[in-house]
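Notes follow once the structure below has been shown.
Letters A, B, C and D mark the chains as written, and numbering starts fresh at 1 in each.
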Amino acid sequence: MKSYVLSAAVAAILAGTFLSCGKKSNEIIIGGVAPVTGEAATFGASTKNAFDLAIEEWNGKGGIDGKKLKLAFADDKGDPAEGATVFTKLIQQDKAVAILGPVMSKVALAGAPIAQAASIPMMASTATNPKVTLVGDYIFRACFIDPFQGTVGAKFALEDLKTKKAACIFDVGNDYTKGLSEFFKAKYTALGGEVVAFEGHATGTTDFKAQLTKIIAAKPEILYVSDYYNDAALIAKQARELGFKGPMVGGDGWDSPKLTEIGGAAIEGSFFTNHYAADDTRPIVQEFVKKYKTKFGAEPDALAVLAYDGAYLMFDAIKRAGKLDGPSIKAALTATDMAVVSGQVKFDSDRNPVKSAVIVEVKNGKFVYRATVNP
Amino acid sequence: MSALLSIQGMSHYFGGLKAVSDFTFDVPEGVIYGLIGPNGSGKTTTFNLISGLYTPTTGKIFFQGKEITGHRPFRIVQGGIARTFQNLRIFGNLSVIDNIRVARHYTVKSGLFTSLLRLPSFLQEEADVREDAMQLIRMFHLEDRAHDQAKNLPYGALRRLEIARALATKPKLVLLDEPAAGMNPKETDDLMGLIRRVRDEFKVTVFLIEHHMKLVMNVCERVKVIDFGETIAEGDPKVVGKDPKVLEAYLGKRGAEC
Amino acid sequence: MAELFSLQQIVNGLQLGSIYALIALGYTMVYGIVRLINFAHGDFYMIGAYAAYAAFFLFNAYIAPGNVLVFIVLIVAMLVGAAVAMLSNKFAYKPLRYKPKLSSLVTAIGVSMFIEYFFSAFPPIGPSPRGFPEVLPKVMWTMGSAQVSNYVVIDLVVAAALMTGLTLLVQKSPLGRAMRAVSQDKDAAKLMGINVEGIISFTFLIGGAFAGAAGLLAGLTYPRIMPYMGILPGLKAFIAAVLGGIGNIPGAMLGAYIMGIAETTANAYNSLLGEGIAFVILILVLLVRPTGILGEKTADKI
Amino acid sequence: MGTIKLPRLLIAALIFYVVVTILSLDQVHILNGYFMVIINRSLIFVILAASLNLINGITGQFSLGHMGFAAVGAYVSGTITTLVLKLPAPQPGFWITGPIFIFMIAIVIGGIAAGLVGFLIGFPSLRLKGDYLAIMTLGFGEIIRTILNNIDYVGGPRGLLGIPKFSTFTTITLFTFLIIVLLRNLVQSSHGRAMLSIRENELASELCGIDTTRYKVMGFVIGAFCAGVAGGLLAHLLQLAHPTQYGFLPSALVLIMVYAGGMGSMTGSIFAAFSLTFLTEGLRVAFDNIPSFRIGTMDVRIGTEWVMVIYAILLILIMLFRTEGIMGMREAKLLIIEEKKKK
């Protein structure tokens, strides 16, 4: 019987917690979703930092129409079921007017139908699966979709680097890296190159030597590494150790100071497709990098940039809409034409951003602008 | 009397160690048969072989004229040989009645779906099984504790419960592995009466292993004495008990005083 | 498929196997003594890597990267690994020693989750990966068709030295004799005057120290450390221990090297196979020979 | 029994359903959508925990790969419904128009497929005991996940997408209720007692004439079937199934529910599934309200990343101080079928 009493008490306390949601009318609640626990936590951490920074900046400028922005953040643990829960929480419980995030496509795909059904606009920061925004007209994203970057990377490898033989390595358990490699391979082959090795590796592994030994035996001129920075840096190190001399090319998942921290000399002279170059002289870029560094003591990565841009695009739309209802914000978002860190952004009919990509080179441990590629 | 259980040339080795060597004997139907011998003489191994826990290295076991060598234990039980254990093996967290009902399970005809849907035929059968189980429980004087968890029962009651459970499988032959182990003289006396009653009322043959000489000499109608896996003597307990070979090899001087 | 069994792949496999071996030894020793699959063992390895990382920055101010620094960092990693293992034993496993075995297993899962999530949430550590510093300058040699670095040599030498030391300890010393006695029969060992809990604690100490050493080697070889890095190698090392015969020390080493080479070969063949090979090995072993390659069959007493 | 009186469990389920439904009506709006999501997830966890309890707690086996079965159910039923019906969310009058029956059948087929996998896994695993069995099932769970990750037809690492949203509070409650009744009837039948006796003492069970192999496999198959149903419901709730949802960690979370609730107690499993799901969400809300502070130049947040730390500590504490779980082996009266007593 004791346990019943206890459970009733716990239930009552919980209910009290849940129900005590006071909504102040001089605040605009913005939902934020990212994984801060679990194996994707490293991506979630910088995403959340960017949300915080963007909100702080807008509030510093007086908020929107005199109302302060408030971030209601929720951890999705990189799990779709959690994603569905927190989307509902942010919309129903916290009364968020818009949602920023999430990071991963699988979570976005679980959350998007909920946002769509509630007519709450959502700005996925780095969910690259093309199906995410196809869920409905309230779903936007701030990043490229997989086909675009793979294509840009392939063209760059063929035309700029003048290679004919490439090899790919990717994470078989991650849709982003697998998709990127697949699109790279398709474009590279279509344009007359040859992909001599196409090797996957398991999620969470640290030893890529078996695949790399096989790849090197096939004698590629370049290695396309579609992994995120943490794996890409290790792959670069091990590839060099095994005697690979050619350049390596990657996607925006490389954009993190951790790439050079882990990769060191091995990653020098490699290239990746990205949204912006940190040495871009545009003030918006320089200011963002500086503020981020001051606030969080680290350089921003691609996830932070996209999350920051996503937040700016959303806040700008809310401001232009002048109202806080979903349809107005959605309409304003559709009409976006705004300069953010990753360039001038408009949305196409599938609510994907239309923006140019840049090729960044790793030189002396820094990311240096090399070329711009328009879509 | 025909042989209910017939063992022919049965041997069993653990690695190189000989546990049972070339046993050949018959247990006639309807008797109380005793197997005695010092520790390590192969008594429990013999039971384990008969009940199918071990497969004999050589030799054959027949029950009611059919060979059962190498059959799985539950098949042998279903064929009519039940047993108890020297160190109790009770389903401690189940109630006394459930312990008995588990042993009745293989006779239950209700299939899984009938049971899941609790159809009338299932309910009827459950009621029958319960009634059966209660009868056994009463016979073994456990009715006060029928719905208690078995692990809370005193030791003597657990011994009785184990015998009752063995009988619930509706056996023709019951193997009792040291039924008096750990019992006081009073309990042992009661047990002797109980074993006889079991044989008479359930029409079963009883095959028991025991250290307790008084019990064996009083209850058993036929005994077999083994040592180091070999048979020393067999026959009427009163005769065997006076066999000098037995007295010397197994019972020693202490045994003669009993 | 020549590249499947090239010299390079064998070197790769041995290097991976050395790290698995050090983790597997801890698993197997703890299992041998207390019959507990210590799910948190992979996390001791992770802690060892972080300890080595911290030690590098602590001592690098005074000592230049090189063999001496490697040695110091190794000692720190082993000490920290040992301390964490002993603490887990004292606070989480010891109180459950005489409770049902599977409740210890569930507790071990809890300890593992706690360590991982704590490291990930604790701000000075955090979830982000860190680049592991070059504790000694890397030198590359070309041997026939294979590229070999001095890191490969260090991995192999450290693993071999520790394993030899352990074998000597267990086989020759009185302490080792006591450990073997406890693993055979705790109650009898107690009657013989052996401090059973002390021996168990010592076993955790050795296991944790080895996991810590493996953490340093992993940091050197695969220079990226993160809070969840212990899960997969922990699981694979455990499988290696099962493969060799759990509770059997030479078995764990053998299993680990087989595992390392099998994984490398499978990865070179096909990533699907590479991803699942460890579990395929596990299931095959358990079905065909649950006692492992070197394990002995123990008869159930009825 | 025998009278027309409604079983108490049915009454309880109906009360639960009606109360929650009324409280969640837009006009009443005491339980908002967030609550409904938590309740739906709790109910799915109830199925998962209760069915794992059948394997681990009742039959005395040990599975660490329970979510692998859920994955099979999710993918099979999800594939069926996406192929057969390319339909939007439930419309009014939905109940009689057909698709819902296809959904129900798909869920059951998903459960049966999971049951088959349970058979394939259970059968060879039975030679193993205790922690060997645990590791074996963990291995099988991981293999299922790896295979799903590599089948492009079901999306590979992208997951199975575009599953119609059929799981609602009503359908989930219905399935949960049916499975609880099924498990309760099983455990309190002769077959269930046979399973329990294996947990208590496998050798004695065999020597009571129980075909222990058969009942161990049966435990695995029925447990897997239920997990498959839960997986199917989850997939149709989230509208996707993804390999990472069914790895070791989610399986461990279900295991924790079973142990925290009490091994062998279905009441415990149900109670733990609800309370741990609600607790996690409660902690989330609580941690949201802790302000951040600065140490030096770093922003320090005590945020939701600490929820799992607390969760882990709680698990360890339960195991240390109440090893038998909250309920022990006891059952609530509601889940005990009263036996008619003669005399």
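The criterion applied here is as follows: a residue touches a chain if its C-beta (ideal position, glycine included) is under 8 Å from a C-beta of that chain, and two chains touch if they have at least 3 such contacts.
All values reported here derive from a predicted model rather than from experimental measurement.
Chemist: Taking contact as defined at the start, I'd like the list of chains shared as neighbours by subunit A and subunit C.
Modeler: D
Chemist: Which one chain sits nearest the middle, judging by mean Cα positions?
Modeler: Answer by centroid distance: D.
Chemist: Among all other chains, pick the one whose mean CA position is farthest from the mean CA position of subunit C.
Modeler: Max centre-to-centre separation from subunit C belongs to B.
Chemist: Let me have the rounded angstrom distance from the C-alpha centre of subunit B over to the C-alpha centre of subunit C, please.
Modeler: Computed from C-alpha means, the inter-chain centre distance equals 49 Å.
Chemist: Quick check: how many Å separate the C-alpha centres of subunit A and subunit D?
Modeler: 33
Chemist: I'd like the Å distance between the centres of subunit A and subunit B, where a centre is the mean of that chain's Cα atoms.
Modeler: 71
Chemist: I'd like to verify one number: the distance from the centre of subunit B to the centre of subunit D, where each centre is the average of its C-alpha atoms, in whole angstrom.
Modeler: 43
Chemist: For subunit D, give me the residues that contact two or more of the other chains.
Modeler: Within subunit D, residues 149-150, 203, 298, 305, 308 contact more than one other chain.
Chemist: Would you mind listing the residues of subunit A that make contact with two or more other chains?
Modeler: 36-38, 41, 172-173 - these are the residues of subunit A that touch more than one other chain.
Chemist: Where does subunit B touch two or more other chains at once, residue-wise?
Modeler: 53
Chemist: For subunit C, which residues are in contact with subunit D within the complex?
Modeler: 35-37, 92, 95-96, 99-103, 105-107, 109-111, 113-114, 117-118, 120-121, 123, 127, 231, 235, 238-239, 242, 272, 275-276, 279-280, 282-283, 286-287, 290, 302
Chemist: For subunit A, which residues count as touching subunit D in their complex?
Modeler: Going by the criterion above, the answer is residues 3, 7, 10-11, 13-14, 17-18, 36-38, 41, 52, 72-75, 77-81, 83-86, 88-89, 91-93, 105-106, 109-110, 113, 117-118, 129, 131, 171-175, 178-179, 294-297.
Chemist: Could you pull out which subunit D residues touch subunit A in their complex?
Modeler: It is residues 32-38, 41, 89, 149-150, 156-159, 161-162, 165, 234, 237-240, 242-245, 249-250, 271, 275, 278-279, 281-282, 284-286, 288, 297-299, 303-305, 307-308, 326-327 of subunit D that touch subunit A.
Chemist: List the residues on subunit C that touch subunit A in their complex, please.
Modeler: Checking each residue of subunit C against subunit A gives 3, 6, 8-9, 12-13, 15-16, 117, 120-121, 126-132, 134, 138, 140, 142, 147, 149, 218, 221-224, 226-229, 231-233, 263-268, 271-272, 274-275.
Chemist: Hey, which residues of subunit D end up touching subunit B in the complex?
Modeler: That would be residues 1-2, 182, 185-186, 189-191, 193-194, 196-197, 200-201, 203-212, 218, 264, 329, 337, 339-340, 342 of subunit D.
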